[in-house]
Structure formats: C-alpha cells, structure tokens
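Handing you this structure, nothing more for now.
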Amino acid sequence: MPVVVTKVPREAGRLADEFATLGVATVHEAQGRTGLLHRRLRPIFRPAAVAGTAVTCEVAPGDNWMIHVAIEQCREGDVLVVTPTSACTDGYFGDLLAASLRSRGVSGLVIDAGVRDIAALTEMQFPVWARAICAQGTVKETVANVNTSIVCAGQRIAPGDVVIADDDGVVVVARKDAERVLDAARKRVAAEEKKRARLEAGELGLDMYDMRKRLAEKGLRYVEAEPDD
Amino acid sequence: MPVVVTKVPREAGRLADEFATLGVATVHEAQGRTGLLHRRLRPIFRPAAVAGTAVTCEVAPGDNWMIHVAIEQCREGDVLVVTPTSACTDGYFGDLLAASLRSRGVSGLVIDAGVRDIAALTEMQFPVWARAICAQGTVKETVANVNTSIVCAGQRIAPGDVVIADDDGVVVVARKDAERVLDAARKRVAAEEKKRARLEAGELGLDMYDMRKRLAEKGLRYVEAEPDD
Amino acid sequence: MPVVVTKVPREAGRLADEFATLGVATVHEAQGRTGLLHRRLRPIFRPAAVAGTAVTCEVAPGDNWMIHVAIEQCREGDVLVVTPTSACTDGYFGDLLAASLRSRGVSGLVIDAGVRDIAALTEMQFPVWARAICAQGTVKETVANVNTSIVCAGQRIAPGDVVIADDDGVVVVARKDAERVLDAARKRVAAEEKKRARLEAGELGLDMYDMRKRLAEKGLRYVEAEPDD
Amino acid sequence: MPVVVTKVPREAGRLADEFATLGVATVHEAQGRTGLLHRRLRPIFRPAAVAGTAVTCEVAPGDNWMIHVAIEQCREGDVLVVTPTSACTDGYFGDLLAASLRSRGVSGLVIDAGVRDIAALTEMQFPVWARAICAQGTVKETVANVNTSIVCAGQRIAPGDVVIADDDGVVVVARKDAERVLDAARKRVAAEEKKRARLEAGELGLDMYDMRKRLAEKGLRYVEAEPDD
Amino acid sequence: MPVVVTKVPREAGRLADEFATLGVATVHEAQGRTGLLHRRLRPIFRPAAVAGTAVTCEVAPGDNWMIHVAIEQCREGDVLVVTPTSACTDGYFGDLLAASLRSRGVSGLVIDAGVRDIAALTEMQFPVWARAICAQGTVKETVANVNTSIVCAGQRIAPGDVVIADDDGVVVVARKDAERVLDAARKRVAAEEKKRARLEAGELGLDMYDMRKRLAEKGLRYVEAEPDD
Amino acid sequence: MPVVVTKVPREAGRLADEFATLGVATVHEAQGRTGLLHRRLRPIFRPAAVAGTAVTCEVAPGDNWMIHVAIEQCREGDVLVVTPTSACTDGYFGDLLAASLRSRGVSGLVIDAGVRDIAALTEMQFPVWARAICAQGTVKETVANVNTSIVCAGQRIAPGDVVIADDDGVVVVARKDAERVLDAARKRVAAEEKKRARLEAGELGLDMYDMRKRLAEKGLRYVEAEPDD
C-alpha cells in the first residue's frame, strides 16, 4: 500500500546553495559522471538554476493527486521531484500548485511529465524542469508513494538527496555523498578557471593537455589538402 | 474535388478577446477536457496569446499553394488553421505570408507542419503555433480544401469555430458551444482567484479541497523515516 | 587511418558576411532547395546568425578528443562543423572549448550532437547549433578525421564550404558554387522586398502571382457555406 | 456527462467482408486519399486483415474501464475502436478482453494506445492494431463515452462507420459513403490487375501511363554518365 | 573506480522457470505494478520467454568491452542485463558473444542499446531484448562496473534479482521479494483462468466484475442512437 | 534542372553475390566502420539479404513519379535506392512497382520513406528496406534527379556503388573500393569462424583476446559481493 514518509533527513540541504552555483555539468563530472537525469527534462524558462533537498512523489498517469499530498511534506529549501508510474505528458502542475510551493519556500520542481500555465510560471519566475508542456490537466483518483526512493528520468532519487538543476539539465547527488562531491566539484571549477584563462589567451588544448604524442601513437596523421585541378 | 467554402459564419468571433484572456488550460477544463490540439504545436516565440475564428486550410505535403487561397478567405479577427494531408515538417509559411495575413487583420497562425523566417516573424510579433521550424520551402502544385471541417493535430476543427492559443498550446471550441464554454471558463477563473489567494497565504490544498479523509479511505498511510544506522 | 587535412582552401570565406545577412531560407532556395541540414539542429539561443568556411570534424560517440585537434585547424571566419560517427547526444562542447574557438576568431559551432554549459555560452553570445542539450560530458580516447568530407545531419560538407546558420537552421553551400549561389540569393531577396511591400499594402498573393486561372484548371471550386438549420 | 449510445445503425456492415479483401491502401485511394489513421497503429501479428462496423470507445489515460462497457455494445461483425483522451501507451487490452470480444463475434480491435498478452493474442489469432506493446496494465476509475463520434489516431470515426485494417494500416469509411467507396475500390482493383499483368510482362510504367511527354515538359533531361578518368 | 563484483547470491534463481511461465504482465501486476522496464526494449524474435538471475553490466557509449568481462561472471540460468552510461543504439552484441553466453548456459540478454547479427541470433534462437537493431559495432576502450546495482530502461536492477522477459517486455523482481511475488502471481493466474472460462462462455465483464452500479454512480448514462433524418 | 544519368558503370556488380553472403555488419566493419545507413531503414520481412549496384532516385515529398523514371534505368542485379528531398513517410512504393522491378531482375529496394502493400510484397518475397509502412499513396507531379550522387538515410550513395542490405540494416560500398572491402570482409569472416568455434567450446573472450592485463591497467578491480545481513 502507498505510504507517505515523514521527517526525512535533510542535513545535505545546507550545501544546496553552493551546488547551485557550481552547476549541473560540473557536479555530474565531479561525481564520476553519474546521477544525470535524462536530458528530456528541460527548464520552462532560461536562465534558471536551483538546488535543494529532494521530496519525492509518485503520480499515476493523468492523476496529480499525490502532488497535493507531497506539498505538505515540503519545507524551505526543498525541490519537489515528481515521477509518473507510467509515461505521461499531461499537464500535472500549474500556477496554483506553484503558489502553494512558493508559500512553503520550495526552490523548484523537477517532473518527468508535463506542466501547464507556463506563462504564469514564467512571470512568477518559479523554476520548473519538465518533460513536456501540455494544457491537458489531470484527475485526483489514485494514491501513490511520497518520499520513498524513486526512479525519475532514469535516475534513482531518495528523499533528502540533493537535486541540482540548471539550463543544462538535472543531476542528483546522494545525501551521504554530498560533502565529498561538493569538494570535488569545487576543485574542478578552480582548475577550469585556470584553463579558461589560458585558452582565452590563445593557448591550444592540444598543448595545454599535452595531447600530441598520444594522438600520434593512436595513428593520427597530418596531410596537406590537395590542390584543385 | 477540392472546394473553397466562402461566407463562413463568424458570430462566435465577438467572444474571442475574452477567450484569449482566459487561456488555453482554463478553456480546455471548462469544456470538459476536450478540444486540445496535440502538444507538438508550440509557439515560435513566448509569451504569445490569441483567439479568433478559424479559417481552415488543407495543404498537400511540401506544397503551400492553398495557404494563398485561404488568405483571401481571412478577415479581421480570424486565426488561420493549416493541416497537411500527409505529415510534413517543411517550412510552409514565412514572413511574406505573415505580412499578407497581418494586412488583413488576422490574429495568428496554427499549423501542424513547419514554418520558417522565424527571426522575422518574431520581430514582427506575428504569433505562430507550429509543429516544426524548418528552412525548407514548398511548391505550389496541388489544390485542396479551404474552410471545410478538418482534423488538425488530432482535433476536429470547423470553420468559424473559436481557436485559442497561448504558451500552453492550442484549443478549439465549437462555434455553437462558445457562449456556454466561455461562461464556464469565467466561473472557473473566478474560483481559481480565490484559491490562489488562500494557497499563497499558506493554506494546504489537502485542507482547502478537504482531501484527507478520502486519501485515508484509499489506503494512504503516513510513516516516519527510519533513522540511518 | 584517420587524418587531419591542413591548408584547406578558404577563398569562399570572403562571401560569408553577405551570406549571413541573406539567411538560411533564402540561400537554400537560391541553390535549388539543396544543402539544408536536418532541422534537428537548433540554435541554443535566438536570435543568432553566422556564416563562415567549414572546418569539419568527426568524433566518436561519447568522445570529443578530435574537437581539440580541429580547433588548431580553425582560423578567423571559420565555422566548426562536428559530426559523430554514431548517433550521440552527449555534451561534447562547453564554455572552455568556446573560449578557445573565440580566441581564434571562429564564428560559431554546428554539431549534430549535444552541448552543455549553455548558460555560459549564451552569456558569451557564442552561437551554437546543436541536436541536443545534455550535461553529460565525453572522454578523449578515439582519433577520427579532421577536414575531410563528412555527412552532417544528412548533408555532405567539405572543408572550405560555406556554412550559413540562423534561427531557421543550417545550410551548406559548396565552395565552388558560392559566387553563383550568392548572386541568386541577392536577386531573390530583392524580389521579395518588392513582394513584401505589395502584400503589406493588401494585395493578395492570388493576384500578385496570377494564380486564379491555374487553380481553376486544377478543379478548385468556390461554394458558399450552407446556412445552419 | 459521459454517455453510452445504444442501437447504433450497422447497415454498412454487410459490405465489410468485401472491404477486407480490397485492403486499406486501395480503399484509401478509392475515397480520395482520406480516412487513413496515423501509421503509428500497427498490427501485433502479420498477416492480418479485417473489416467491420465501428463501436467507438473513449478511455482515460491508464484506465480501461470503458472497454468493459463497450464490449456489451459489440455485436458479430463489429470492430472495436478505442482512443485515449490523453496520449497513453499503457497496456489497456489483453487476452481476457480478447476472449470476451471473440465470444461476441467481434472481428478485431483498433486502439491508439498499448496492448499486452501479445503472445496469447497471437496464438488466438485475435487481430489487434495498436500504437504500442506494453505490459503495464490500467485501472478502472473513470467513465467516458461509448459510441459517440471520436478522433482516433488523427481521424474522425463515428459508430457504424466501416473500419478496414490490414498489414498496411487502418482506414475508416463513413457509413453513408460505404457503397460508393466500395464501388470505386472494386474498379480500382480491376484496373490494377490489368496493369500488373503488363508490368510483369516487362512493359514500363513510363509507357503504360504515357509519361514521357509530360516529364520532358517539366524539364527532365537525360545525360550519359561521364567516364572516369 | 570501476569494479566487478563476484560471487553474487543467486538463490532466487530456483524460481526462474516458474516466473517465465507466468509471464511479464502477470508478474508486473502481482508486485503492485512496479518493476517494468521501458517498453522500448523489444524481443528480436517472437515468441520468446525467459527468466533468470541478473548479471548486471554497464557499458560506455559505443564500447562493449565490459560485456566480455561480464560474461565471465555469468552462470547457468543467468540473464545478462546491459545498460549504457549514455544513451546509445550501436550494435553492442552479436552472434559471437551469443555463442559465448550460450556455452555458459545463460538464458538471454536484456540490453538498453542496439544489437546486430540478428539473423544469426534468430537462427540460434538466442533470445535478446534490445532497444535497437543496428549493424554499427563498438570499440573496447573503457572500463565500467559489472554486478553493481544499475538503472536499466528506467528500472533499478541489482545483481541476483530475477529478470523476466517475454513478448510483452521485461520486468525485474527484487531478489528478496521473489518468493512473495511468485506466490501472488500464481494466485492471479489461477483467478484469471476462471475468468477466462466465463468470458469465453459469453458472460460480460460488466456482470462478472459487478460494475453496473458503480458506473451509474459515476454518472454514466445510456441513450439510444438518434435516427438519421 | 533535374537529370537522368544513363549508362552508369556497374563493374562492381559482379561482387554483389559474395557481399550479400558476408552481410552488413561484416562489410561495415571491413571498410572501417563507414557507409552504414541510418538504422531507421528496416526490412519489411525477415530474413532478407541482398546486394547489388545502386540506381539512385530522388523523389519529392508525397510524389513517387521519379520511381517510374528510375525503373527504366534499372537492370539485372541492381538495387534501387530512393531518397525524398524532404522527410516523408508516405507509401511511395507498392506491389505494382515491385512487379515492374522484378521483371527487370532488380534485387530489392532501399527507400528512406514509406512503402505499402506489404502483405503482397511479403508474399512475392520482394525485399524492401524502408523507413515506414504507410498506406497513404503519392502523386506524380514533380521531377527530380535519377542516378546522381545522393544522401540517403545519412550516407552518400553514388550510382554504381554496391549496396548491401540484410536483417541488420543497409551499408554502401563505393564502387572503387569494392574489391578491397570485399577482400577485408572475407578475411574478417574467416577469422570470426575460428573465434566462434573457440567461444562455443567455452573459452572466454577475456582470454582469447588477451584482455586481462589491459583491463587491470585501466583500473578495473574485482571484489566479492558483501553478504547480506
């Protein structure tokens, strides 16, 4: 039977703001190229960048009832993560639900389904990552789990995990890995800053990364273009 | 043989401006979740919101000849609705045709095919809902029907029906249902305004909609998260 | 074995600026509706419009190593064109590579694969036409060809060809055809300007293009709508 | 409110057997290239060919309740046509429902959604045209219309219309057009038989259809291949 | 760093044969509509039905090296489950690898990517569920995990879990749930047998499931078709 | 203006039968993983395997006129290769055209568009690789090129090139490379036969290809599964 799990630990939430600054691509690399949700999840407006602790929510196809249940479990700094139990692109979420989430301090929504009222959501600047935009609404008939471990857009997400979302997509970091991944991400950004300066100054990646010898070993040859006849 | 039907009744057109304000999601709900065109039709720029009486136009794949014929049938306050007789994403429509439609006071274009010149269309702020953006143009070889009843993106549309389009998609309201649907939509918006105020003030949907008893009856249980060991 | 072809002729590059002004749809028409890349390539921000001489680059799936090699072959006024040897939507390209291309004066990137760091690329206003946006990066393991003739998004592109990209898509003009196509495109634009003025003034395409007789010959008939009963 | 329409006229049903023999492609041509359902509907086994009078059925996403209601309305020689009110690929239909339809003499199922138990359906040789194969079942919560006019896979279908389905797809013929279309289809098949014999004997379509002059008028030229140097 | 986990527990394997008989749709229902892999995984020939203990294998895009590593971990009665770390439809698997798996008694392959040599695999009757058929092979450059917990086609699969695959798709049952789910599935099949007999005898689902009262409560009405005028 | 090129060299045709035996996957590997058409081209029945010299044919969207022109250019042992100038899935080809091709000794059809009459084509055993099955036919209005170099499903094909198609897909070998590629393919098959025998006998690929050392160098580690508690 479906359950709502309450009092989920959120200690990783204190790292969320810094994760949001580092960005999805960097965090994804920093944890060994894992945790990226499918790229079909796109922001409804750009730019947008948030991070927060996951409240997870399953919904039946064409039925958004459990989002109402999940909202009560949301707190300041959370990101609501919604996954349908069967693929569906209906508009599960609109400006009324966004008003409710905002009143609770929720940072944004990640949903592997459709949303609507996007003009209003854009005006509110409430950030949403969704699979589709669809005006067709949903019913309220079927119960499902809130705050259990789910698979959303191909990735496992547990309640309390850190979800980071920006213009490049959405990535999840397991709650217990958050400190370690954040540290690796910081180092990566620092290294990239130095590389950017060198590349902007005209240095080639071929030289900066010392690639020429290895390319030759793999058999790459340089030849001049033949003149036209 | 193909026909062009002239002197189509447009009495529902007087309601168009109010429909545009109410929006696609609201109108779709207000007529019992019917009439929504497939979500593959997207606006080429956002925000955009129009409503008007449908002039319908069939086109052959890769052939936009009938759009020229349909334009003559268009009047102030119309929305031109174009559907290919076989799926096609070529660019049937560009800035010259938009200039022609605008000179006749047409509010916008809905097309289950491709369009091009979208930089110019955006600069003109001529609103278009299309299935694709594609620079490949079309020929002018084949005749087809104008102002007959068509199926566009999965919905039946008759000439003179009201077509409403915004950032969420496109919906059609049958001419004879327009008054009734408009009235239902007005009531819905009024009710939503009150709900929005309560949700913004922090009231939960669970309480506002009185859902808790029914959720329990469906078997939903609340459990506390287990502590990590 | 893979090769890098150097000293590619770029004499068509002097025509690039004018091609960019004329735009993709016009150029595509002007060369007889050939050369259009698949519409799945979309700009990561709009508006965007560039043209330049192609530097071509093959990459293995999930492997962006050859982009580093290709950058060394790029010069002021080039457009880098990247095609994977097997369909892949990973994020091959981000802001560091863009910084490197910009430092060499490259006008933009066309890639039949994914890109990332799009918030940064947008802020830099470095134009990119891509098949996907995906935060997942790539490895550097496999060598492939640079500056050989490739097929990208369904079109053959040789190094030194002119690539034009704007909000409508991407088109390629063979190096040796560039003068001729440019001339045809100029004439087309001049003719369109006159047509636009007439259409804006309310003249119908049916009359301007003298279509009525041919429509009747094809069997098109005009009938009045039947009154409702 | 949803309705079930009973006592639907089925007088076109007496033509069904001959329609099945003529086939979808022929019937589609014979009624002027109209009435073809989207090609996403495919038979779950091949070869398969049926025709019958339509019983129409709407279903909510992920909810097959109304199929049970529709079955009661089915009679010998009917084809059940099911369309979801929102796109859904769940498995709405399996071997138990097929057993029930077969016991009533129903010829087959056309559904713009998913089906399951296809090994059993294949063994039973119960023909089904579906959009997807998916083991995920559905609930029974939501009522919808039976035997009203629907849009299924892009085509309008009224109860009592003739639905023809074979390895090429599915086509609908309006009840009142059935005699006329059948007659046109018969003539088409007869003409094709003669053409087939001539083509098999080696005559070219170019000559049989007398195309050479018109091709030349359109500008087609013949040139010899240049010898390689 | 990537690991290969050895000596995975396989005690659920003794239940595999019975699971295969019960089938994917039944097992999916019996465990509360969970565990179904995305329907994009299809058998390369039909009919096909297997079940076995999962050996899991990650592969890089365009790189099948780890399949060789995974094969050594496979034993009689296993099903090999392969997931790419980035979406890829290349042909990772062909008849040579199938010969190797068969020599070890492996029951089949589930892969969220492409396969090739399907004529030979069909002749061998080696069952494969794949996302794509593609002749393009792969390289052997990148290491990844074998026998760790993975997400494949949207579902989490741990080594030693039971994987059941047939013409309807693929479902996973967690190792520890296998006894309980098998028991529920057996009961479901027994109940279905009785229902099938009644339906074949002409009893309606409306009566057998006692639906009429609830349909009326939901507002469903029956009306007679209006006669044509 | 469109041209039909006649007297195309076909000297590579004498190698076609052996190419057909070797198969698409092998030939694709043997020419360095190039030349594979997009996997969206699938055989309409299986098994099927042919090879022959390409006669190339462009067609307008929804217009199969040029197939009639191309047939006259076909000879014993050819494969007809058809590509639309704009993406289209209409049914361009059916049993009458197949009868005509067969009477000229043509081995099969490769078409990046739709076909119909597939029950008849299957009964005739006329092999076709197509992008779609669609009953909707086409018109005969627009001329295009026959026997010029085209791009079909992402690959460049020149008339006289060898096209090989089987259950895995379609590959093209340039006319001048045919001898060399055939020789490489033969060697590959011979090597595979030996490998197959060893793998069937239980030898591991890890040992046969001597992979263990390189895997360890890349950092792969073996660990035992932790016992459940």
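Chains here go by letter, A, B, C, D, E and F, matching the order in which they are written, and residues are numbered from 1 within each.
By definition in this document, a contact is a pair of C-beta atoms (placed from the backbone, for glycine too) under 8 Å apart; a residue touches a chain by one contact, two chains touch by 3 or more.
Values in this document were obtained by computation on a predicted structure and should not be read as measured data.
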Kindly list the shared contact partners of chain A and chain D, in label order. B, E
Could you report, rounded to a multiple of 5°, the rotation needed to superpose chain B's C-alpha atoms on chain C? 120
Determine which of the two chain pairs, C-E or D-F, is joined by the larger number of C-beta pairs in contact. D-F
If you average the CA atoms of chain D and of chain E, how many Å lie between those two points? 30
Inter-centroid spacing, chain F versus chain A (mean Cα positions, whole Å): 40
Of all residues in chain B, which are in touch with two or more distinct other chains? 33, 89, 136, 142
Can you give me every chain pair that touches, using the contact definition above? A-B, A-C, A-D, A-E, B-C, B-D, B-F, C-E, C-F, D-E, D-F, E-F
Can you check the complex and tell me which residues of chain B touch chain F? 60-63, 86-90, 136, 139, 141-142
Please give the residue numbers of chain D that touch chain F in the complex, ascending. 23-25, 28-29, 33, 36, 39, 42, 46-47, 49, 166-169, 171, 192, 195-196, 199-202, 204-206, 209, 211, 215, 218-225, 228
How about chain C: which of its residues touch chain A in the complex? 1-9, 65, 68-69, 71-72, 89, 91, 94-97, 99-100, 102-104, 114, 116-119, 122, 132-137, 140, 142-143, 147, 159
Can you tell me which positions in chain F touch chain C when the two form their complex? 33, 38, 85, 151, 154-156
